[in-house]
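Next, two complexes with chain A in common: one pairs it with chain B, the other with chain C.
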Partner chain A sequence: MPHWVEACDRDDVEPEDVIRFDHDGRTFAIYRAPDDRYYATEGLCTHEEAHLADGLVMDHIIECPKHNGRFDYRTGAAQGAPVCINLKTYPVKLEAGKVMIDLA
Partner chain B sequence: MVIIGAGKAGARAPISLREHGWKGRITLIGEEPLAPYDRPPLSKAAMTAAEEPAPVFLLDDELLQALDVTFIANATATDIDRAEKEVVLADGRRIPYQKLLIATGARARRLALPGAERALMLRDFHESVALRAACAPGRSVAIIGGGFIGLELAASASQRGCKVTVIEAQPRILMRGVTEAVARRIAARHEAAGVVLLTGIGVERIEADAVVLSDGRRIPAEIVIAGIGAAPAVALAEASGLALDNGIACDVEMRTSDPDIYAAGDCCSFPHGLYGGRRLRLEAWRSAQDQAAVAAENMLGGHRQFTAVPWFWSDQYELNLQIAGLPSDGVSSCTRPMKDDAFIEFHLDGEGRLVGASGIGRGNAIARDIKLAEMLIAKGARPDQAALAHPDVALRGLLK
Partner chain C sequence: MNVAATMPRDYSLIGRDSRRAEELGLASAEWYKAPIARKRLKELMQRSDEAAIRDTILWIAAFLVTGGLAITFWPGWWSLPFFLAYGVLYGSSSDSRWHECGHGTAFRTRWMNDAVYQVACFMIMREPTVWRWSHARHHTDTIIVGRDPEIAVMRPTQIAKVILSFIAVPQVWAATRSILRHAMGRMTAEEETFIPDMERPKLFLTARIWLAIHLGVIALAIMTGSILPMLLVGPLPTMYGAWLHVMTGLTQHAGLAEDVLDHRLNSRTVYMNPVLRFLYWNMNYHIEHHMFPMVPYHALPKLHEELKPWMPKPYASCFAAYREIIPAILRQMRDPGWYVKRKLPDGLEPVDMMTRASIAAARG
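Then we have the complex of A and B:
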């Protein structure tokens, strides 16, 4: 069963940027790619749990603010040392100007 | 392929060798008993952990196996027989190589004064475990040296409830590579935590229960720690006749004076393309990793150059400091004030080119803008100073 929750307004995230979204004791990162597609991943780096939303989005990469670990936020794939564990990703849809993510 | 030194650079090299298609043998030789682990936590999380900490492994048994790396622990390489192309270990074993990477890192400098044997030092995991145990709540701790390791240990020890005094011979803490404004912010935070910072004063000797300063003052100290910097570990390179120059002398492709031998990390110096080919030796985590990646590619016949912008961070209390580039190359600077008392100083050379950025703030406050500054430095950009200093001007815009 999908479990869609509203994360933010579509305009809350700038293009090629990321914001943090906390829900139910968990933290997520919501991305807006340069092509205006939206993506969502778990919010903490798999290396030492830094908030990824404090990092820099470059194209389809999020770079962790702490030790510069990199992930492809579309797939969650870790891009090499120091990060080797992939990020969990969540389905995203836009509905009436809102960014919805599926936490199921 | 043989790698000597199983630290940050030594751990990265096998990963890169496999990524670039090397299918043959890889041997990793390490002097320490442990598989490669991460050093930055040793002065930070490992010191303040409630339970006795475990090493944070860079390559654990599983990864070593997946990468098909033969790891030889507890093994010191004492010589390189360059004619026969063999590494000689202390116990007489000889390991043949086709290409060799030296990643022996740096060693903590020892104090040279009476009583120095009482001073604890920090470079490896076991020393960190010993320091954590020594810095029990309530103890008086004197730290000789107000550099990064000394100050991170001061922060950790004071968080553990020790009474900490830092003694620095220079007129202020962090003289090397850190601007005065950033150093002042860090000093203030330490003082707020009750750490006593004594600057511009030397140490005469260490006694059983105190450190005696050059003006005769006695600083009571149950525990004495020396954090007076590190020297490149070059004994092996020297014994094998490789060229040295503030560490093992490499070219832009991380090759030593022997075309079959490369070096990476804290042990070597190299001409940095971004800074007019000036020879630098970096003692930084990310450089060690990136240099090893470049060396590995070149060991397989590549011709990549190491041109990454130097980058370093330090965590003390809730403060995070990050430095990109070489701030000391700047002749002018401007400051961008940020939320929550954070700030970044930008350093520009005589032609207005951005050459460094130093930032400090709580948590990750400055991380993103330091990254953007790094990208501007890499591009050789000459950004407008007023724009740099204005918190509302997005740095990303200056990149375009």
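Then we have the complex of A and C:
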């Protein structure tokens, strides 16, 4: 059963950027792609737990700020060393100007 | 009390100081970062192929000119200056190329980073898989004893090793043993601490390819009855061209603090001339690089300007840095607990080992 949670206003995230969203003791990363679609992943890099929201978004890639490990934030797929484990992703929808993520 | 002052340090990644680093909260810890605005940092982090393509075209052209003239004048004495220049390109400028492309920041396009990374790694005889992972650890645990596999000058200083490193004797010896070990499908216990299982087939394959290339160059030299192929490709140019990368590389951390969580205390930023900065791809801005490794080399001078209010005074030149480094590492031969203490701008507090240890103790 879906568990939709309001993460932020849609304008809180600049195009081709990412912000951090903390909820219930967990941390997430909310992305706005160049094509204005929104995505969400777990917030910490699977390599050494740096906050991905401090990283760099390039097209559909998020680069970790600590060791430059890269993921495709649409699928969570790790793109090669030094990241080997994929990110968990979460469904996202827009509702009345808000970015909602499904934490079910 | 400085533990390093009372007992010899164990630089092994599986020894006493490795366990101590973990107990003190120094392993994979949170490091000081200057409070630069996210918006400005994001601007500086932007990637571009333009600068690195330009620099790589120049780099390849410099290889062709120096190598071509060295071959043209071979075996006369006039080939010597061209070999010296070629060697610096081969054995020294490759240091910054593997490094920047290993971070994936030099080019925006990934395959370009990967291609230059592989070539530069071969030139400097740093196996791509090993060094990608060892360098990740170097950034996680910079100059943390027992954690950082890339501490260039360990204490007490082994001065003969430092001197021989200028012609890459220890590096090439270690690399040759490592390539042979990996070609046979074996790893050291230390490597097992930082190279994941899934990377091992790639490590072994690369070692076998490198071994085949090196043997091929030796075979060519034997077949042609000339040492010329070996002066152009392989361990010899890595060695006769190493001096510049060792000279610039030692300015990064030598003589400074160990076991601190603040790159301002264990790294140096040194002003260098444009030629050196081209060969070194701006790694002279080393504190800035460690603090924000996502900023590409071509944006480091701008990052340096942004971070000045929080940084110690940069060194005016390599000469200025070595006026500090040489006495420091000589003193560390007999007094391994001693180190250079960097002065931060007035009112700024460093994050040192005891700060972190206090935090760890307070957390229980």
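Just so it is clear, the second predicted complex is superposed on the first by the 104 of 104 C-alpha atoms of A that agree within 3 Å, B and C clash if a C-alpha of one lies under 4 Å from a C-alpha of the other, contacts with A are read in each partner's own complex, and residues count from 1 in each chain.
In this text, a contact is a pair of C-beta atoms (placed from the backbone, for glycine too) under 8 Å apart; a residue touches a chain by one contact, two chains touch by 3 or more.
Since this is a predicted model, take the numbers as computed values, not measurements.
For the composite obtained by overlaying on chain A, chain B and chain C cannot both be accommodated without a clash.
In the superposition on chain A, A:102 makes contact with neither chain B nor chain C. Contact with chain B, but none with chain C, is seen for A:51 once the two complexes are overlaid on the shared chain. Using the contact criterion defined above for the overlaid structures, shared-chain residue A:82 touches chain B and also reaches chain C.
Touch criterion met: A:67 reaches chain B and chain C at once. Shared-chain residue A:42: touches no atom of chain B or chain C.
Residue overlap on chain A between the chain B contacts of one complex and the chain C contacts of the other covers 54-56, 63, 65-68, 81-82, 84. Within the complex formed with chain C, the chain A residues making contact are 17, 47-49, 54-56, 58, 63, 65-68, 70, 79, 81-82, 84. On the side of chain B, the complex with chain A involves touching residues 12, 15, 19, 58, 63, 285-286, 289, 311, 313, 363-365, 367-368, 371-372, 396.
Looking at the complex, you find that chain A touches chain B at residues 16, 50-51, 54-56, 63, 65-68, 80-82, 84.
Interface residues of chain C, counted against chain A in their complex, comprise 28, 38, 42, 45-47, 103-105, 108, 110, 129, 132-133, 136, 139-140, 196, 198-199, 292-294.
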